[in-house]
Amino acid sequence: MRAQNRAAHQLRDIQIQRHFSTHAEGSALITCGQTRVLCTVSVEAGVPRWLKGKGQGWITAEYGMLPRSTHSRNPREAVRGKQSGRTLEIQRLIGRSLRAAVNLHLLGEYTLTVDCDVLQADGGTRTAAITGSCVALVDALRTLQYQKKLQQDPLKYLISAVSVGLVDGQVLLDLDYSEDSQADTDMNLVMTATGEFIEVQGTAEGQTYTQDQLIQLVNLGTQGCQQLIEIQQAALAQ
Amino acid sequence: MRAQNRAAHQLRDIQIQRHFSTHAEGSALITCGQTRVLCTVSVEAGVPRWLKGKGQGWITAEYGMLPRSTHSRNPREAVRGKQSGRTLEIQRLIGRSLRAAVNLHLLGEYTLTVDCDVLQADGGTRTAAITGSCVALVDALRTLQYQKKLQQDPLKYLISAVSVGLVDGQVLLDLDYSEDSQADTDMNLVMTATGEFIEVQGTAEGQTYTQDQLIQLVNLGTQGCQQLIEIQQAALAQ
Amino acid sequence: MRAQNRAAHQLRDIQIQRHFSTHAEGSALITCGQTRVLCTVSVEAGVPRWLKGKGQGWITAEYGMLPRSTHSRNPREAVRGKQSGRTLEIQRLIGRSLRAAVNLHLLGEYTLTVDCDVLQADGGTRTAAITGSCVALVDALRTLQYQKKLQQDPLKYLISAVSVGLVDGQVLLDLDYSEDSQADTDMNLVMTATGEFIEVQGTAEGQTYTQDQLIQLVNLGTQGCQQLIEIQQAALAQ
Amino acid sequence: MRAQNRAAHQLRDIQIQRHFSTHAEGSALITCGQTRVLCTVSVEAGVPRWLKGKGQGWITAEYGMLPRSTHSRNPREAVRGKQSGRTLEIQRLIGRSLRAAVNLHLLGEYTLTVDCDVLQADGGTRTAAITGSCVALVDALRTLQYQKKLQQDPLKYLISAVSVGLVDGQVLLDLDYSEDSQADTDMNLVMTATGEFIEVQGTAEGQTYTQDQLIQLVNLGTQGCQQLIEIQQAALAQ
Amino acid sequence: MRAQNRAAHQLRDIQIQRHFSTHAEGSALITCGQTRVLCTVSVEAGVPRWLKGKGQGWITAEYGMLPRSTHSRNPREAVRGKQSGRTLEIQRLIGRSLRAAVNLHLLGEYTLTVDCDVLQADGGTRTAAITGSCVALVDALRTLQYQKKLQQDPLKYLISAVSVGLVDGQVLLDLDYSEDSQADTDMNLVMTATGEFIEVQGTAEGQTYTQDQLIQLVNLGTQGCQQLIEIQQAALAQ
Amino acid sequence: MRAQNRAAHQLRDIQIQRHFSTHAEGSALITCGQTRVLCTVSVEAGVPRWLKGKGQGWITAEYGMLPRSTHSRNPREAVRGKQSGRTLEIQRLIGRSLRAAVNLHLLGEYTLTVDCDVLQADGGTRTAAITGSCVALVDALRTLQYQKKLQQDPLKYLISAVSVGLVDGQVLLDLDYSEDSQADTDMNLVMTATGEFIEVQGTAEGQTYTQDQLIQLVNLGTQGCQQLIEIQQAALAQ
C-alpha cells in the first residue's frame, strides 16, 4: 500500500505556482506531495568566455537543499565550503536537460541561470526541479520576448522529469522518500513533450534489473512525464 | 513619501506563518513587506565539545540568501566555497540574540540550530530573521516539552528586532531596500518583550550622527520592537 | 568509417595488465585503444564510522586524470583545490558499480579503496575504469583470501562497462574521443556477467532519442559488456 | 578594583609609535596597556573594478592576530584556510570607520589598504586598531601630498574608538581582557574629533541593558574617544 | 648489504622510455629500480602575466603521487583540497632546476608545463622526476623546432639529479625507500652535464654531518649525476 | 660596495630581544639589519596522534609575513585561503632545524609550536627566524624546567642559520634583499654550536656554481653561524 492510497502508476499531487519571486525573470514553486522546490531563472546579457562570438546563448543550473529541508538536518554546503558530489551531479543534469529544451542559437548571447532550491524534500527533488524549472524558463523567455530582446521563442518543447522504481518487485511511479529508500532500482527520466528521451538514468541500488524490467520502467516513466507536461501546460495557460 | 504611503513610524505589513516546514521541530515563514525569510529550528541531543559536562544547552544560527532573492542574482556561497563576511556577521548576531532569550541551563544538553534562509530580500532581512526565528524557537521548545524532554520552559522572554534609519534627516522605522540604500545612518535593534536591549548597532553610512539623533533612533526602534512582540504573541496564540 | 576500419559493433583493442603496481593489493592497467587507465585496489581494515558494527565492508572509488592525459592540458585538480563535478560523478558511478559486484557482508569489516587514474584519455575512461577495476578488485579479494583474512569469496559476479552512442543516426559500440564528441546520444552501461543491469545512463547531447533507439543502444551495449567479461576472465585465468 | 588601580572612567596607558615600518606609506604601533597592534597603510594607484571611473578612491582594512598574541595559542588563519567570522566582522568595522573619516572624492583613484595586526592582545584590539590606523592613515595621506599625488588633504576629521562596558553594574571605560570576559554588556564606539558617532555597537553578553544604561555607556565612551583624539593629535604633532 | 647486492656507489637500474604519451609535446617514463615517474611537457603559446612583453619564455612544474604509488595508500591531494608542503617544495625544485637548463630568452614567449606524476614510489622520486623531465623537455624543444616555432635550440645543457646519503656512517648513492628512511643525512643534487651545481640540499635527519662528510656526499653525487647524463644521452640518441 | 660599508664577510647588525611577548612561554624579537622577525614558542601538553605513547615530544613551526612587511604589499595568506609554497617550505625548514637541536625523548610528551612572524623583511627572514627561534626555544625549555615539568634540559646545542651568496663573482655573508635579488647563487646554512651541519641548501638562481665555489660558500657561512651562536649566548646570558 502506498501512502494516501496512491496507485502504482499514479503521480503525487502536483502544483506549480508561477511568479513566486518578485525579482526573477521567471520563477515557479513546484510542489510534488511533500516535496517543494523553488525554481528561479535569472537572465544576464553575455555568455561565458568559451562561447563568446559563437552567436549562441547558454543555460546553466545550480541546485541546493536548505539544511532542514530533510528529515534530519544536513550541514549547509556554504559552511562545509563545497558542494557535494550529489549536488554537482544533480545540477549538471538539470542544466543539460534544460539546454536540450531550448534552441541556444535563437536565444542569442544571453545566459540563463536556473536556481533550484529545495525548501522541503520527500523524494524526487531532482525531477521536480527539472519540471518546475521548465515552467520558470518559459516565463523568463516570455519576459525576454516581452522586453523585445528576443524576436522568436527559442523553446523547442516543454520537458518534464519523473522517477520510477522497482520496489518489492513492483514498478512504481514518482517515488516518495520512504519508497525511494527501499527501492531495488531507481530510474529518472527526462522527456520532451513529443515523447522522446533527453536522459534515462537507471541504477540498481539493491538488486540488478533485467531488460524486461528496464522496458517496464521506461514505459511507466513515459506516462508520468506526459501527465506532467499537461500540468505544466495548464499552469502556463493561467 | 514612503512606498504604499507608509508613515515614518509605521512597520511594513508583517505576517508570521508557523509550521511552514514538516520536518523541523519549529519553523516560521516571516514576511515583512516584500522580505520573506524561512526560519527553521532543529533540535539535536548533545552540545559542542567545549560545553560538554557543563549542564547547559547551546543555540547557534546560520543565515543564507537564495541566489535570486535579491534584485540581481548573487553568486551562491556554496559555489564560491565560503560564506561572506556579511553572512557570518549576520548569523553571529542572530545566534547571540537568541541565546539571550533562553536560559541555557534550563535547556539542558540540547543544541538548537536555527537556519534563516532568505527567500526574497527587500531590506531588513537580519531583523526579520531574528523576529521570525524567535517564533520558531518557541515552537521547538514547545515540541521538547511536549515530548517530555524538558520539564520547564527555558524561554526568558520573546525577543524581536527592527531596523531604523536616518533618511534625508528623517527618522524612519523598518527600512525597505530602497530606503536602506539612501540612509545616512542605519541602526538595528534587538530587544526583549520587557523593553530592554540585547543589541544596538548604529552605523553612519553617509553622514555621522549626533547623540540626539541616536536617542531618537533608539526610541523609534523601541516602539517598533514592541509592536513586533505583539505580532509574535498573536501568531503564537493561534 | 571508424578509425582503424572498426565495425560499428566492434570493441577497440582491449588489454588488461594485472599486477602493474608492486604495492597495491590488486592492480590492473587497462588499455582500450588509446585510452589507458591504471586501477589499484587498496585494502584497509575497518569501515567508515557510519558502518561500524554492522558486520559489513565498504568499497569506495576515486578517479583522476593526469593533467596531460588529454589532447590539451587540463589543470590539475589538486592545484585547483577541488575535484570537478565530472570527476565526482564518475567516481560515484565506479564505487556504486563495484559495490553491486560484491557481497559486502561476506567482505567483513574491510574498506577497499579503488583508485582509477587516467594515464591517457581517448574516450570511454569511466567505462574502462570500471572494467579494469573489477579485475584489480578480484586480485585484491584473492589476496585477502590468500592471507586467510577472508574464508569465502565475496564476489557475486564480474561486472563490465561500455559506452554506446548514436552518431549520424548509427548505433556504435565503444566510442573513441572523436566519435564521442560528435554523438547525438551517449550511453554508458554497467552489467553483470549474468547479463543484468547495474547502471544505464543515456544522455541526449545533440538530439533526443526514441524508445526504439534506446532499445537498440541497450542491445548493442549488452553485447559489448559480454565480450568484456570474456576478456576479464581470460586476464584472470593467466 | 581595576588592575593598576585604574579608575572606572580612566583609559589604560596609551602610546602611539609612528613610522614603525620602513616600507609602508604610513604606519603606527599602538599600545593600550598590554594590547599592541601594528597598523600599516599601503597605497596603490587604482581602485577596485566596481569603482572605476567614478573619480573616487577606496579604503579597505584587514585584521589579524598573531597566533600567540593571546593567552593560549590560537590556530593561524592562513593554516585553517579562512578568516573567522570575528576577524571578518572586525575588519569590516575598521574599513567602514576609516572610510567615514576621509573624503573619498578628494582621495582620487587610490586604494589604501590598512593592515591591523595584533602583536599582543589584552582586550580592545578592534578599537585600538581603529585609533592606531587613523594615525597611520594621516601619515599615508601626508606621504601622498608630499609626493604631490594629492593637492588637498582628504581627511575630514580624526576618528578614535574605545570600548565601554557594564561590569557588576558599574560602567567602565576601556576594558582589558579580564574585564571584558566578565562584562554583562560590552559596547564599542567609533567617534569623530567633532564628537559625532560613526558606529555604536552595544551587545548584552550576560544581562540585557536599559535605555538609561545605554546613555551612560555612550556618555562615558564619548569622553574616552575625546581623550584618544588628543593622544592622536599629540603623536601627529611630533 | 644493499638490496640486489648493489655497491655503495652504484645507481639502481635506470630506464627512460620516451614518447610514453601520445598527446604531450614531450614525455618520458623514467624507472629507477622500483620508482616510476611519468613526465610530460606541455607547450602553450604565451607567458604568465608578469612576464608579458619581456621577450622570454617560462617553465613551470607540477608534481603528484598517485594515491597508491606508496607502500600504504596516501590520501589524494585533489580530495584533501590542497597540495601538501612536500609536494609544493618538490615542484618548486623541479621547475627551478629545469629553468636553469634552458635559455629562456631563446625559448621565446612559450610556457612549458612539466607534469611529474609518480606511478610507483621507492625513494628518489624528486630526483627521478628531474632526470626524466629533462629528457621530455628536450623532446618538447625538438617538437617546437620541428614545427618551426623555434629557430634555435634553447637548451643550455642536460641536467640530472640524484640522491646521496649517510646510512650507518656509509656514503651511499641513489637511496631506495628503505635506505632513505634510515639515513642520518639525505642530500639531493641537481647538476649540469658540465659538472656544475644547480642545487645542493643536504638535510640531517638523524645526526648532523661534518664538512668532510659534506664533501664526500657531494663527490659521490657528482659521479652519479654524470652517469645519469650518459643514460639521458643514450635515450635521446635512439 | 655593500650598504653601510659592510665587508663581504660581515654580518649585519644583529639584536635579539627576549621576552617580547607576555603570553608565550618563550619569545624573541630578532633584528638583522632591517629584517625583524617575532618568534614565539608555545608549549602544550600532549603530542600529535601519530606520536602518542612513544615517550617523546614534538616541535613544529609556522611562518608568516605581515602583508606590508615587504617593499610592496603582499596579499594576506589568510585571505588567499592558503599558505604559499614558499611559506610551507620555510616553515618545514624551521621545524626540522629546531627538532635537530633538541633531544625529543628528554622533552617528554609536550608539543612546542614555534611561530615566526616577519614584521619587516629585508632578506634573510628564514635564517633570522631559525636563529631567533632557537633563543625563544631555550626560554621555553627553561620555563618548563622552572615549572618542574622537565627535570633535565633537552637542548642538545644551540643552532643558528645564515645566508651566503655569490654576487658578481664575490662570496658575501648575510645578504640583504637587494643583494639577494642580484645573487647568482644563494645558500642557506643551519649549523650547530659544535660546528656541524643540519641543513645546507644552495640554489643557482642565475648561474651555476662549481665545487670550489660551494666550498667557499660553506666556509664563509660556517664563520657567520659561529658569530651568531655567540650573539645568542650573549642574549641568553642576560
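Labels A, B, C, D, E and F are assigned to the chains in the order they are written; within every chain, residues are numbered from 1.
Going forward, a contact is a pair of C-beta atoms (placed from the backbone, for glycine too) under 8 Å apart; a residue touches a chain by one contact, two chains touch by 3 or more.
Heads up on the chains, UniProt names are A, B, C, D, E, F = Ribonuclease PH.
Everything numeric in this text was worked out from a predicted model, so none of it was measured.
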| item | value |
| --- | --- |
| Chain pair among D-F, B-D or A-B whose interface repeats that of E-F, sharing over half of the contact pairs by residue number | B-D |
| Separation of mean Cα positions, subunit E and subunit A [Å, integer] | 51 |
| Cα-centroid distance, subunit B relative to subunit E, in whole angstrom | 59 |
| Between subunit A and subunit C, centroid-to-centroid distance (C-alpha), Å | 28 |
| Centroid distance [mean C-alpha coordinates] between subunit E and subunit C, Å | 33 |
| Numbers and ranges of subunit B residues touching at least 2 other chains | 81-82 |
| Chain ring listed from subunit C, with subunit E in second place | C, E, F, D, B, A |
| Sites on subunit E touched by subunit F in the complex | 82, 84-86, 88-89, 91-92, 96, 100, 192, 194, 196-204, 208-211, 214-215, 218, 222 |
| Contact footprint of subunit E on subunit C as seen in their complex | 21-24, 27, 34, 38, 40, 42, 44, 62, 64, 66-73, 76-83, 87, 113, 115, 117, 119-120, 122 |
